Amino acid sequence: MFCLITSDPIDPGDIMSRVRSDADGAIVLFCGVVRDHDAGRPVVGLRYEAHEAMAREKLEQISADVASRFEIGDIAVVHRVGDLSVGEVSVAIAVAAPHRDAAYKASREVIERLKREVPIWKRERYADGDEAWLDGQVPDTASDG
Amino acid sequence: MFCLITSDPIDPGDIMSRVRSDADGAIVLFCGVVRDHDAGRPVVGLRYEAHEAMAREKLEQISADVASRFEIGDIAVVHRVGDLSVGEVSVAIAVAAPHRDAAYKASREVIERLKREVPIWKRERYADGDEAWLDGQVPDTASDG
Amino acid sequence: MQQQQSHDATPVTAVRVRSLFFASYRDLVGAEEIEIELPAGSTVAELVAIVRARPGADALPDAPVVAVNHEYVPAETVLRDGDEVAFIPPVAGG
Amino acid sequence: MQQQQSHDATPVTAVRVRSLFFASYRDLVGAEEIEIELPAGSTVAELVAIVRARPGADALPDAPVVAVNHEYVPAETVLRDGDEVAFIPPVAGG
């Protein structure tokens, strides 16, 4: 298991290589990428901010929990913080598993939970010079305690 | 759209880079990898064989069909033929989409249809020196004509 | 894509087709490719019967999946001169 | 992980906690981090009320999501000396 919050560019190939083992026949990699629009408004870049220590712990909890509920080999999750341009990878999730069904399901579960539970925030920079924290979702705190 | 049957090693990063555009916020990459066992029997390698021209056309048909049914940007599919060792990538499918739900669903649809419709065969080489064509599935021919 | 099944306007008395065999079917038939001439109007099913009459090839299914010019077709499809007829064993890509 | 909520055996009259503010909450509060001293036995809800009394900070929700020492906790959680209390705006990772 490998969970990281980093200000360095994400290398998806590196993330994939961290999860593969000879027992696994399937790898699913999800990459979130900064796109050039949001809700119809042109976006030139994003700034991600995190409670880094807590975010890494949450990613580790989510990964361990997902690994216990699906037949998978390993999970790696890396989320970027700082200023990103359009086209840069903001998050990469790699899941290796003996069979593809578990790999797809576990991958999806990690990204959905990441978006609901992990303390990361996103500030959009628009083409017109404006900036705004993106409306997020009230974190799902149910998995704790 | 990019569909290829190749005897060269597959570079997943290259496949991903072929689908990304600035309008897409999500990329899902699926890699099938040769694993070291099948049905409990140790496997040392695989030989993939294809009706190459037909397989490429089928992949193009499947990709076009999936692209028409999900809100995605682009699809790339590459399938390897020839002798592969444990750990090598046999198939890579990259789907880029504005949003992740469509990317995951389209990715899954492509691999499921590939396995049902595309004329590719697999010969397993076992640790004990034995070899056998893997039992496949009778192709789903319904999408034609 | 629709498999073209009509004949040319010119009457022909025979058609030649290329039969391709892959994977386990190639092992059974003992060849990758066989050119076969049939009477004009012959169907895929009739070609299959001719192929299955070869030594060893009777282990092929009665009604194998067949693709003509890269498209899966039903057994009653009429063959045209020059068709490529691929005998498709159960597939196992991925 | 279970959030430890019991007190030390030694009686204390006050606890000092570090409150952290992120993203839009940092903008509202005008600080990344504030050290606050409260009476022993104070809860998260009581800390929130103290923070919301600061200029501008009344725009924080009445009951913001709070994490103590990296775990989400309910508002009735009793604070211990040295706790890190993170005020967590709606999250938007991915």
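Going in written order, the chains are labelled A, B, C and D, and every chain counts its residues from 1.
Following the convention adopted for this analysis, a contact is a pair of C-beta atoms (placed from the backbone, for glycine too) under 8 Å apart; a residue touches a chain by one contact, two chains touch by 3 or more.
The shown structure was predicted, so the numbers you read here are calculated from the model rather than taken from an experiment.
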Chain hops separating subunit C from subunit A, counting only touching neighbours: 2
Chain hops separating subunit D from subunit A, counting only touching neighbours: 1
Chain whose average C-alpha position is farthest from subunit D's own: C
Rounded Å distance between subunit A and subunit B, as computed from the means of their C-alpha atoms: 24
Interchain centroid distance [CA atoms averaged], subunit B/subunit D, Å: 50
CA centroid of subunit B to CA centroid of subunit C, Å: 26
Distance from the mean Cα position of subunit D to that of subunit C, given in whole angstrom: 75
Subunit B, residues touching no fewer than two other chains: 32, 100, 111
Overlap residues in subunit D, where contacts from two or more other chains coincide: 94
Pairwise chain contacts, counting only pairs that touch as defined: A-B, A-D, B-C
Subunit B to subunit C touching residues, read off their complex: 32, 48-51, 53-55, 57-58, 61, 79, 90-91, 111, 114-123, 133-139, 141, 144-145
Of subunit C, residues touching subunit B in the complex: 1-3, 20, 22-24, 27, 65, 67, 70-73, 86, 88-94
Footprint of subunit B on subunit A - complex, ascending: 12-13, 16, 20, 22-37, 86-87, 96, 98, 100, 103-104, 107-108, 111
